[in-house]
Each structure stands twice: as structure tokens, then as C-alpha cells.
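You will see two complexes here that share chain A, one where it goes with chain B and one where it goes with chain C.
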Partner chain A sequence: MAILDHNRRGGFTIIEMLISLPLALIVAGSAYAALRVASQAVTTATRLSLENTMLRDGALAANDDLDFWTSYDDPSDPTNRRLRGSVDKWWSDDGRGMPFTPFAALTPSGEPVWERQDAGVYDDRRGWDPSESWSAADPKTWWRGHLAQRKNFATLTHGGLLAPDLRGGHYGIFANIERRQHIRCDPHTTAAGHACVSDYGDVGVKHTWLANQQRGLLRSLGYYGIFDYLPPNQVIGWHEAYDAARTDPGGVPTGFLMSEVGWPVMWNGRNVQTQMDRFGYHRDSFSFRYVIAPSYGGGDLGTLMEESHRMVWRLAWAADSYAALLERIANARDRLPLRPTHWPAMNVSMARFLSQQRMVAWSTVRVTSPVTGDNLKLSFTGFGTSLRGARQQRRPAGGWAAWDNRPGAINDATLDGQQ
Partner chain B sequence: MPDRSQRRRGAVTILVAGTAAILAALALAFIGRMRSDAEGIVVLEHEVQAKAMLIAGCSYILEAGRIGWDDPRTAAHEETFGWIDVRDGRLGPKHVDDGRDDDSRFPVGASRRFPMHAWERPPFAIAATAAPNPIRTTASDPGIGRSDPAYGLPLLVRPDPQPAADDWSGYASGDPRPLSSTTGMSWFRIHRESASRFVITCGAGATHGWRDWDEVVADGATATFGGDARAFDDALAHERRLWYRVEWSPAVTGNLGYMYMWYHAEMTGSELHLHRPVNSSQHYQDQATQMQVKNAAGTLAWVQRLVSAPSLW
Partner chain C sequence: MRRTFSNPTQYTSGSPGRPARPVPRAAFSLFEIAICLGILTMSVVTVLMQFSAGIRVQQQVRYRTYAAAKAQEILDVFATTHNANPHGDQEGREAWDVGIGYSNFAPDLERRVANMFNGVAPVPPSIARRLDSPGDEIARILDRGGNLYYALPTAATGLQEAGLPRDHANELQKVVFAVDGYAQANAMHGFPWKAWPYSAAYPSPPVHAPNRAAAFLPGHARTFPLQFPVWNDPDPTKPRPEGFPFYVWEEISDPSDAGADWPMRKVFDWIEDARDPAARYGFLAYGYDAPVQVPGTPWKRVDPPAFSSEGAVRYLQGALWYASRIGLPQPFYDPGPSPVPLADPPPPYDPDPMASTRIFARGGGVAVHKQVQAMRFLAHAATCMTRWKTLAELGGQPSSGGLAVPSVTIDGAPSPAIILSHDLITYYHESCLNLAMKYAASFPYDWGAPRPAQRAIMMDVPLLEWQVFASRSGAPSGAIDPNHRCEQWLPLSAQPLVNPGVSMSYPDLEIPDGRDHAFWGDPARFTVTAPFAPTERCRQLVFWSADWKSYEDAETAPSAPVDASRYPIAGPVPGADFRGRMWATGKLPITGGAVFSYVNPEHIFLFNQPMGAIATGTNADPFTNFGTGQDHKGFNPNFPLADVLDTYCGVHGADRDFNRQLDRGPVPTTVRMRAHPLNRFNFYDPRIAFTLR
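So, the complex of A and B:
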């Protein structure tokens, strides 16, 4: 007779199974759910971590661009030096170079972007001297024009033109781009009964350096460039020689002036003195902005390169004016064009413009999730290398310019090197 | 041989331990990733802090060209006239009171170190007292009855805002002791390259701006690092350094027309700052604020980040 050995029984009772199986299923289900939630949490954490990393790297890249301007001109990448060209347009009196054009470059017609002459006279030099300190005590840096040399309302209708009022003097003989100035008879600007009889004749102009610096910078770099290079309180405007076909007698100030309504006027000598008033501003940009051309993004190359860095962007009172401005000028780049498809897209853009007398560098980092479509956006303005500093970082033929200050160091030529 | 109940306990233990191990592994991975992210932020933090030092260095150059030479022990308020003196074009900063007509305040070729920290209490600090003059009622502490003449009245019996110091002397001079949590974090250093050009080195780290250990020894400052060169080397290894060149200009910014012509001469005939205070930020044109204020200390003509460290800084 077999003896049932209860102690050696290996199974469970049916009651135990009925109780334990549902419990086990509940436990297993809960564990699976917990594992699934934990797994999703890790996936989410991974995604967030990736986005954070991208945002962080984007911020670092934007910071880098603040200092090295590589989104506008990359010394290491020949395909991104589009702002180094030169133009030769009918309007090229007002500009030939671009923001990164070497001063020593030639236009397509073979003319120097910035004409250089050196007569050996202290205040008569031409061209850019990188070592010039623009000392306030140096007379050649003093502006000697006369912005208040304004239209004379009594002569408004003369000859269908708005004749200049020269009763205050011919200020073109104090500062001019030319060394000699011919003073002509202008009967319409004399007091009644004192009409002139003949031309006064030629006189020497003592100060020509500053006028040529201003004109050279504007022609070489455009609006943004001239404001970057000139001292911030500089009145910008110069006298040119009298040209019967172009200017009024006496050589009225020509240059970059401001009308009372806040609209900039290029006073280039072809016009009469219609807009000139007492507002000879510098850098003022109350309702408009001067921008630097984006070197990336859409747009016809010719239009973009030749004119945009001379663009004047007028802001309306609408709240979205800034957004429209930034959309137009932002130099946006996809930082990860070869990323895996499930990775977020990262875009870093830089907009550089002049607003309220300040050079603004506006960085924006965007990270876009391919899963949710969510946008992370980080915008900030920063302080770093100026345009002149960026040009001094670069060699004319490409590559970064080495610079050292140890005694006897020979440094590379830069975009600002002497012509 | 284990009995049945022991075997069951063993199975449960294995199940629980396994699940716990999985959860612990996930938690560790999560924490590790967060930690890694936090460490990644340090790079950005150092970069930003170093850039903040660029602004500090630029501010020093601007202010040291004109102001900042005042000796508080004397009645006179000494000012100088620029790194290149605006009066005669000679080297500065100099003023006429002490007869020093040279650049001896900061010679060309000299380098100076500026470790930065916050003060325990800056001059003229105010306390964050929410209600220095609380209205007293029956509910206030101490409370007053309705018949009290001061009941419910906003009596300004104490200065508002409240000074952070106990007396005027402490309020005016502040407490220059370094705030301990802010030391050893950032510094800048300036090398005067020529009359108006400077190399600014910006540092985010704990070396206090010493270039290397030899310089620490030469300055007799080894105690700063406990006399241990390895401590300095460790700080150096974790430090972010940026080099810039800048040029000071005597030119002042500000809008000539708005400052001197339009409002001053025509609209009011009064001093600009009487009707446009420096910090007025509420204006219908939003333009008569700091943006229009002239910076009498000069400006920076240009700023250039250096691609590599120069020999002299």
C-alpha cells in the first residue's frame, strides 16, 4: 500500500492556484505597466536630453558667431564668402564694396574699391590706415562741414530748383574731398542788391582727410559698415567739388544726412539741397534700421549681395515690424543637415542691424521636434566682435589672420590692410 | 532541502529583486542622463560668464579713461581726460592736479589683473522690506483701535525704501568684503597694447587671472591656492579663457540732434535732463531713455575676438 507522503508533495492546491494566479496576473500586469511607463520616461528623457543638448549647442554656436561672424563670412569655407565681392553699378558712386570686401580689392571694371593716394601731406592722405587712432586732439578728425547751410526759402522758385543759401559762407573750402575748390558766382544766394559779377576763383582746401574717409567707407562697406567704422558721434556728410552738371555752386555738403521726417537721404551731389535741414544725425535710427546682408537664405544673389547691405529698413508702428525685419535679414543656417530622421532639427540664425544708435546682434536658436512638431526657441542679443574686428580676423585670400603682440611679431595681412 | 514555504519565499524574492533591479537601473540611467545634461550646461555657463567679463573689461577701459580716479578722502573729484588725452593728444589717463603728464597710471605695455566678486553689501544698498510703512489697524501687529488717529492711514514714518545698513556711513560705503559664494568664479585682465588699444582676457574659473603658477609665485600669492601648484593647475584645467582686442575712442555716443538741438533749444528751452531724466523709461516715443544718454567716458571703436592666445596679456 502506497503511503501518501504529504511532505514530498510538489504542487499547489487548487485553492492556492485560484487565489495566486489572479494575484500573479495583477502583479505582472502592474509590473509591465510600470516597466512601460519607465521605458517611456526614459525615452522622453532621452528626447528632452537631446533637445536640451541641441539648444545648448545652438546657444554656443550663436555665441561663437557673435565673435567670429562665420555665418556671414567663413574664412575656412570658400563657398561662404559671398560678402567679399564688389560691384560696378551706375550708382556705384554710393558703393562698390561689401561688408567683407578687402579694401585693396578691385571692382569688376578694374577700379580700386577704395582709391588710395598719398600726397605725403599730413591731412591729405587717402585710403584706410588700420593704425590710425582718430585722436580727438588731432585736427584732421574734426568735422568742418556746415549742415545748417540750408535752403533759402526766398529762392525756392529760382530756376525751378531749390538753390542753396551760401550767405553763411562756402564751407566747401574748409573741408572737401578735393584739394582745390572753385568758388563761383551765385547771384541767387547773395543779399539783394549785391549780386556778384564774376567767379571768385580757385582756393586751396586744407582738410580733405575726413571727407575722404567718410566717402571711402561708405563706398567700400555700405551703410552698416560706415556706422561701424566711424566714431559714433561722427556727423556724416562731406563737401564735393562743384560740378555744373551735378551740384549747386559752392559745393554744398554732400553725404549722408537726415530729413526731418526721419528718412535718410543720400545726398550725393546729383540732387539739390531739398531735404537738408539742421538734422545731421549720426547713427540715429528712430524709425528705421540699417542692416547687414544675410549671406545665407533665399533671394537673388545679385540683389542680395549688391544692395542689401545698403538696405534701409523702415519700421512701421505695427507691433510685428521687428518680426518682419528679422525674417528678412536673419542669416539662418541648419546646423544639422545630415541628422537622423528622428532627431530634432536645429536652426541658428543671426540678424545684425543698427537700431537706436546701437549695433544689434540678435541670435535665435530653434529646435523643432520631428515627433510633436513643437518648437523650442531661444532668442538673445549679445556683445562681441564688431564688423571691423571681424575684418581684422580675416586674411584677404581666405583663412584666419594670425595675430600676436610679442616684440617683432609679423602679423598676417587682413581685409583692412593698407592698399 | 528547503520546504515548500521556503521555496515560495525564494521565488518571490527573486521576482521582487529583479523588478527592483530593473527600476533601479532605469532610475540610475535617468539620473545619470540628468547629471550629464547638467555637466553639459557648465560649458555654456562658463562661456557666458567669460563673455560677461568682456563687458566688465570694456566698462573698466571706458571708465578708467575718464572717471574712477577720485580719492574719496579728498574734497576734489579727480577726473582724467582719456587714454589719449582729448586736450593735447598725449598719453593718458592724466589730470593736471598731481602734475603727472604721462601714462604712469596704466603704462603702455603693462598688464593688470581683476578678479571679480560681489560685495557683501554694495554702497547705497536697500533692503527688500516689503512694507516699511504698514497701515495699522486692529488686525495689524501691534494693532490699534479705530479711535486711534493713525488708524488706517498710510503714514510714511520710515524712509522708503529702507537702507540695508544700520547707519549712514555703512549705507554710503557698503561692505566691500567678498561675498564668499561669488569668489573664484570669474576675472578679467587687461594688457595695454598701445595708447588706446587693449587686450582683454576674460576668464571663467578659479585662477583669479594669474596666467600660470610662476606668476602666482612671483606675486607672492601661493597661499591663495594653499601653496599647491596642483590646485592652480586643476583650476586652470577647468577654466574658460577668451582673448579680445578692443580700441578705446574718445568719441561719445548719443544723439546730437535730440540731445542738443531739438528738445533743448526748440521744444522746451530747458536743460534736457530736467525733462528727460536718465532713467525715464516711459515715453511715448520710447526713445528718450538710456539710449539717448551720452556716454561721456568714450566708446569702443571696435572689438575683436582673437583666434588664438597672444603672447602678451
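So, the complex of A and C:
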């Protein structure tokens, strides 16, 4: 039989309590701290992970855009094809298309943006032919003109080859917009008193293909488009009927005469002009000051036409000179419009322009904290599809164009085709 | 668990004399608890460490994303940046006189990418040396003369940072990178003695332009003291301003033209009779309506003016005389009625630019470059007539008859008489382009005639490289120390160069042709076209993460030394020593955005004065180039040279995060920092310069 031990204690001693309570407090405190740190760490890691995921997603989206140009024109989204319009308002009849306007489209007045005509041979073809190789050995691709051609009589007084008085003669007799052209003289006189003697006459012109290609591309696509489509070794500028308001005395559109120097634009990897002056031989890049961009920015179509995608931005180095340009063309878009409110905002922008004779596609991924407003930014450029390639990815009526290079395969029509 | 006793003196009751059995207590001893707590603490700490490790992993993941994007951008820039070399002098009297002789802009990634427009600059070496990396890879690269790079705040936009909107620094700057592996010998990007390819418009008159000084003109070069605007002035009696002399580069550039008569002079300017100002042939009188000056009398224009139909005829007569004088047969310049342009083969065109060159067979054995030149001048001179005569006066189209261009005696020989018609003008023009294009495409190592400016092709750029097993030495132009010597490798070309002529900048120096092996290297050493194994040329782009911006001197540490090839040095200039050529040229400001390939990559951020006394957080705009364009105190040549060069070299540091304030981080310079490896990318430098688009 068990004997009850009245001396047995049923609880902790005070010593035990004094020891255990601090220990428990330490443990509890540590646990709390650990949990708190863990919670913060988990929160931080989750935030980092989420931001990283967003960054990666943004980078992937930007890379996708490099190849498919969906921020400028989305074949799958009818609401995002604003660069397919056409207008007739800039440079009188020269303003017709936009970077994604199908060549076969009609302007509001019912004219084709750029009609293809295969009639005739060789130099008589018109419109854009995607199969044309633009071989450097093909004489119809050679620019024919006077590289020292200057602007109109009234504004320039330079002498010699630089004189704006047709000193080198009429080069419109070799290549022109029209097969038959009345070659006129500017009736004005130069500051030195020189005037053109008389009109040359009605001339049958041998080379008309290149002039029509250049004018057609400018009309249809704008400045960015013409530089994208033409081979990089092209001089740009063509002869057409003389018009005192729009062309130089020889008929070269003044819009394509460089304002500082007055001769036709050349956009190439080397250069238009070998300069030799008192400091020696330079290869100058006249285009380096120019930023040429297709725009998606705000405003109506007219604003886009006149101020944006066709624009040649001549920018100084002064602070914030590029801000307006970049804001207009960057086309930032929210990648997660339906995100939870506590998630960061994430947008991706893609600004495409030409600078330093390089076609720049500048992506910026921004992740913005909803609490602090802090920005996380990843900014990079990449090499992707040209505008010409992007147009060939698209069907004129929307949707992506299927393409198969197997012999006999029938491919979808593209924005470059003529249907 | 071992049982314990709360009080070993307590025993259960039992038999007397026998110790009672101890009563076990179900509790832990303090020792056990201590061990448990220790284990628990270790576990918690371990778990906590995992959390921080997880954060670090996420950060590394982010940096890897940055690194991958940056690598993509670097290679994009590498492949798509144009090859032109804006505004930098490319010709010297010797290869060591100009930056391009030091391989600047060679097709090498670091040379091409690390500049202020392309988003890459070297980390200051004093900071880079504090970064420890696995295997001491960073230190090894620095020891070899390489650089550690960081990304400028924005991407490689091609836009100057000063023109961009202000933006905060981004984490991308915590990613640093370097190129591991040596640059290989690739094709020479420019020939320092002559910046070939020279381009000229086709058709055009002989190339003529000012030269920096008569000191570099050979004795037989003719100079013309007047300048364009003055010549076109209606009052030719005005006092003439001083100007740099013009000379006709092309009439002295062709060594095969050397002789008593210098035939191309008749195309540009030839005064047959000094007493008769109208007896002046060539382009000069016509093109510039050039006034003349009989010694002792005022300048005056000829009457009738040289810029006239008569003047244009005399220009054409000079061009015809040249064609005849160099031996071209009559059918070349006077093909008769209904002329068919020289073409090879018949139209529409020759799809193979390297096809046989039978187009030159009509030239009667005259050197091909001379045929090209003769037709270029004829086409230009003949087209000038369309300014003065109507189509009807030129025989209509198709032409029947035309303008009689009589024979004249020039320098004792007659010029051919022709009937100039519209069809003949068209023949000249078409033949001119056909000949020039064929010549440029087929003879890349014949530099006898400039390349057509309206069509740049790869054949314009011959394959040249440095032979790195032999060299020449000499004194630099304008040397401050006469004992100073420079040394440079010998140039090599894929095929022997013919008709190299002289350069525009230094026409007094004959450039040896390919037969001169004292100048040109051993052809057997030419490697540009040789096959190679990938392992011979592979390089790696290596990325690390390191918070180097936390250093207290992250913005005040001096820039990396600027490679000599980046100095924006002008070519030799009379009266200017080596130092003077670096900054005082006016046309070659070290500020210019145009010369971005020649400046310190941190150029736009550089501080222009010692920043030691400037408080952290101070607005940096007054001390940098932001927003002030190119006229900046620190770069102004009116300021002491030492100040300018200190600024240019980045002695005072730079606002490297572009937040436009002076920042100092919390980490002292005595602390070393760990650089964590991120990514590695293999790449190759191209053997020749190219541009993708």
C-alpha cells in the first residue's frame, strides 16, 4: 500500500520559476523576434521575388516587342493599330501613310497610299516590291544628282559648287519622278546677280524608279520608315517638277536637303561628304544630330502626322532636350492593369528612334511601389526586327501573317503587299 | 531520457536501514534546457539565415536579370553602332600622330562600346582594386591592363545624357563587368596615313579644298588664296580676307600624272594666256566665277564672266583635253551619233560586281582609274552646259546636231572638237556612273580614284591590318622632347596597294605602294582572311554584383586613365606642339558630343574642380557639364591647360549616378568589398568592321 508522502511538492520552486520565467521570456522574445524577422524577411523576399518576376516579365515583354513591335501596332488588338491611318495634309500630297499603313490602303480621299504597278520594265516599276533586291550593282538603285545641289536662290549666297544657281546644270534630266519632265529654271537671281537663262525643255528621263521609291516611302511611312526601308548607303533626295515653295532650283525637295549644308541627306555607315578643311580630313556624320522617330504618342492623327512619326527632331545638347521626344514616343503601357492594389505597378515602354546613325530600340521596365512610389528601373536597348520586318509580320486587315518559305507555299498578304 | 531527481536526499519510505528508492521527477534539468535552447537557437538562426540567404538569392536573381539585359545591350551596340568616326582627325604624317593609329574604334568590344553614348564607363581603378572576386578574377583583369566597367544610368540610347530628363540612379549600377580575354589582331579600321576610302560625288570636278597650311603642300601644288563667299561677291575689288589656301588635291595625288604638264590642271584651272583672262580653262574660272589679278592691278572679273556659257565651254574643253592627253581613244569621249553608254555587260545590269571588267576595254589600255576620272570630269563639265543651253540647242532628244565645241590649243596640244548634244551628255553621265561603280567594286586596292559617294559598298574598304611582328619608329610630329620616339607596327594589305597617291591632309608625303616592303609588312603575315578556331578568339563578358557606389569616394575617385587612343588629338598642325594639338584646335574641342568616341567615357559627368570641400548632397550642376552644352568652364580652352586636362582626365571624379548631386557613401575606402559573380557570356570580336541594322 502506498504511503502518501506529505512532503512531496506539487509545483515549481520559486527558484525554478525565477529561472524558468526569464528563460521563457527569452524564448518567447526570441521567437517573436525570429517570427518578426522571418515575417519581414518573407515579406522582403516575396516583394523581391514579385519585383523580380515583374522585371523578368517586363524584360521578356520588351524583348518580345523588339521582335514584334506590338506596342506600336498590335495585330491582335484592333484598338491598338493607330499607326495604320492615312491622311492628306502634310506637304500637300506627300503626307499619306504612317509606319503601319498598308501600302495598298486608300487615303481618306480614295487614293492609294502607294500603288504598285508592274507595268513596264526595269526602271518603270512603281510601288514597293518586297522581292526587289536593291542590288548595289543595279544602276536603277544608283542615286543620280548633284551632291552639291543647294537650296533656293533667295536664302543662300555661297559660291562655286555650293551656289544655288544650277551651276552644275540640270541633273533632273537623268533621273526624275516622271518619265517625261519639263525641266524648268528658277526665275530668281542669286545675290551675285545670276539668273537661270531659260527652261531646258521637255525631256524623256531614263531613270525614274529610285525617285519614285524614295518619294513613295516618304509618303507612305514617314522619315523613320524611309530610313528603315532604304539601304543604308543611299543618298535621299529626288528630282521632280520645280516648285518654288517645295524644291530647290533643280527640283530636289527642300525637305531632303540638309539645312546646314544644303545638300541631299545621306544615311549610311560611312558618309556623304569627305570634308577637308584647315584641320585635315574628316569623315563627318551629318545625321548624328538628328533623332528620327515613329511616334505612338497622344494627339489626333493630324498631330501624329505632323509632329511625331514623320518628324526629324533636331535637338541640341541642352538639358532635357530629349524629354519631350521620349515622352511622346515611349508609349509606356501598364503591363498589369488588374493587379491587386498592394502590388507594385509595372509598365514597359519602348522608344524607337534613329540617332548616331543607329536604329535604337530603347526599352524601359519600371516597377513602382504602391506605398513609397519608389521606382525600380531596368533600361536597355536591343536588336530586333526592323520596321520593314514588322510590317511583313502583319496582315493588312489585322492578325499575324503566316509565312512559309517552302517552294510553292502560299503566304498571307502583308502590309507591304499590293492586293 | 535519463531520469533525474529533484532532490537526491528524498527517499521513499522503506525498511529501516535501507535507503529508500529515489522518486523520479518528470522534468528537464537546466543542462538539458540549455542544450535544447542552444539547439533551438541554432535552428532559429539557421532558419533566419535561410531567410536572409533567400533575400540575397532574390537580389542576385535581380542582378542576373540586369546583367543579362546589359549584356544584350552591349552586344546590340557593338553590332549596330555605325563605323563612321565623326569629327576625329584620321590622318597624320605618321601612324602615331592620330588616335586611329592607336587602334581606337577598332572592331573590339571595349573600344567601341565604352563611351558616353553607349552606356558604359570604367569603374575608377582605385575602387575596382578594392573589389574581391572569386579567383581574384577582377584583380587579374586589372593587372593585365583591362578595365572593370559599370553602366551609366541610362541605356545605350545614343543620346547624350545631359539632354535626358533627370532620373534617379538605378540598381544596374551595382552590376560591374569586364572583358576577360585579350583583344585579337583584327582588320585595321583606318589607314592613318590616308583615311581611305575617300569619296567624291560622281560626276564632279577634281577634288579641291583648303589645306591647313602651305607647309604640307609639295612644291608643285598650286594654291588659290580666295574663299567661296568672297568669290561669289558681286564686288571683286573688295579687300580679300586672309584664308587658308585652296589646293587641288587630285591634280597632285596621282603619281602617274607626275610630269611636266600635270594634265589634270587643265581640268581645274589653266591660264593659257596671261594677257587674255578669257583664255582660262577648267572648272575654277567657271565654277567660282573666279576673279583674276594681273600683278599690280586690282582683282577683277573677266568680261564676259567666266560663269557663263562661254566659261562652261572652256571647262568642257579642258576636260576633253585631259581625256585626249592621257591617251583615251576618240570613241571613248566622242562616240558619234546615238551613243550607247559604256556598260558591262549590257543592261539591265550586271548582277555580279566582280565580273570581268570588259567595260574598261574601250579605254584603249589607259589605266582604269584614269578612265574613271576622265569620264567623271567630262560628265560634270558637259552637264554644266544644260544650265546655259536648252534641249533644242543641244540637238533635241534624240539628238540631231548640237553645240559645236571647237578645238583649242592648251599647253601646246589641241583639245578634241566635238558636237555636244543632249544624247552625248547622257552618254557621259551614264558611262561615268557605270565606270565608277565597276571600278569601285572591282579594284578595292587601287586608290587612284575616289569612291562614289552616292553608293558606299564593302569593297570601298580594303582589308588592312597591322603586322604585329615588325615595326617602325620615329619622332612624333610636334614633339616637345626631340628625343621622344614613337613606334608602330607595319601595315599589311590583303593585296598590294596600287596608286596610293597622297593624302588630302599631308599631300607632301608620298605613300609607298605595295611594293615597298620597308613600309608595308610581310604579306605572309596577313591573317584577316585566315581561318581560325573559336578557341583562339573567344572572349568572355563577365558580370559581378558589388555595391561599389557605397564607397565614400564613389563619386570623387578619379576616372580610369584615358587610353591614349582616345585623346582627341588633331593631326599635325604647323606651329602646334603635341600638347597644343590636344586642346587648342578649336575645331576639335574635347567637349564635343560629336567626338564621343574620343573622349573620356565619363565625359559628361566629370567634375571640373576638386570636390573635397564640397558638402555631400550639394547640387552638382555647377561643377559638371550638365545642361550647359559644350561651353563649359572646365573644358574651355581659354582656361589654363592644366585645369582642362585635369577635368578631361577625370581627376576630380564624376557624378556617376547622374542624380546631379555630390554623393558620398558610408563605406570607408579602407574596407574591401566582395564582388559576387553573376553571369558569363562568350563573344567574339569581329575580324572586320561591320554594322548590322
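By definition in this document, the second predicted complex is superposed on the first by the 302 of 419 C-alpha atoms of A that agree within 3 Å, B and C clash if a C-alpha of one lies under 4 Å from a C-alpha of the other, contacts with A are read in each partner's own complex, and residues count from 1 in each chain.
Methods note: contacts are C-beta pairs under 8 Å (C-beta built on N, C-alpha and C of every residue); 3 or more make two chains touch, one makes a residue touch a chain.
Remember, predicted model here, so these are calculated numbers, not experimental data.
In the superposed pair of complexes, A:Trp209 makes contact with neither chain B nor chain C.
Once the two complexes are laid over each other on the shared chain, residue contacts for A:Ala409 go to chain B alone; chain C is not touched.
In the superposition on chain A, A:Trp400 contacts chain B only, with no contact to chain C.
Comparing chain B with chain C, the partner in contact with more residues of chain A is C. By the touch criterion defined above, A:Arg358 reaches both chain B and chain C. By the document's definition of touching, of the two partners only chain C reaches A:Arg144; chain B does not. Once the two complexes are overlaid on the shared chain, A:Leu378 sits against chain C while remaining clear of chain B. In the superposed model, A:Asp67 lies in contact with chain B only, and not with chain C.
Of the two partner chains, chain B is the only one touched by A:Gly389; chain C is not. In the superposed model, A:Tyr223 lies in contact with neither chain B nor chain C. In the superposition on chain A, the residues of chain A contacted by chain B and by chain C overlap at 7, 27, 31, 34, 38, 41-42, 45, 49, 52, 56, 59, 63, 135-138, 232-233, 235, 278-284, 356-358, 382-383, 386. Across the complex, chain B meets chain A through its residues 3-4, 15, 19, 22-23, 26, 29-30, 33-34, 36-37, 40-41, 43-44, 47-48, 51, 54-55, 82, 84-89, 191, 193-196, 199, 242, 244-245, 247, 249-258, 261, 285, 287, 291, 299, 301-308, 310-312.
Those residues of chain A that touch chain B in the complex are listed here as 7, 9, 27, 31, 34-35, 38-39, 41-42, 45-46, 49, 52-53, 56, 59-60, 63, 67-68, 133-138, 228-229, 231-235, 258, 278-284, 286, 356-358, 382-386, 388-390, 392-393, 400-406, 409. Looking at the complex, you find that chain A touches chain C at residues 3, 5, 7-8, 19, 23, 26-27, 30-31, 34, 37-38, 41-42, 44-45, 48-49, 51-52, 55-56, 59, 63, 121-122, 135-148, 157-163, 165-171, 173-174, 183, 190-194, 196-204, 206, 232-233, 235, 266, 268-285, 288, 291, 315-323, 326, 355-360, 362-364, 375-383, 386.
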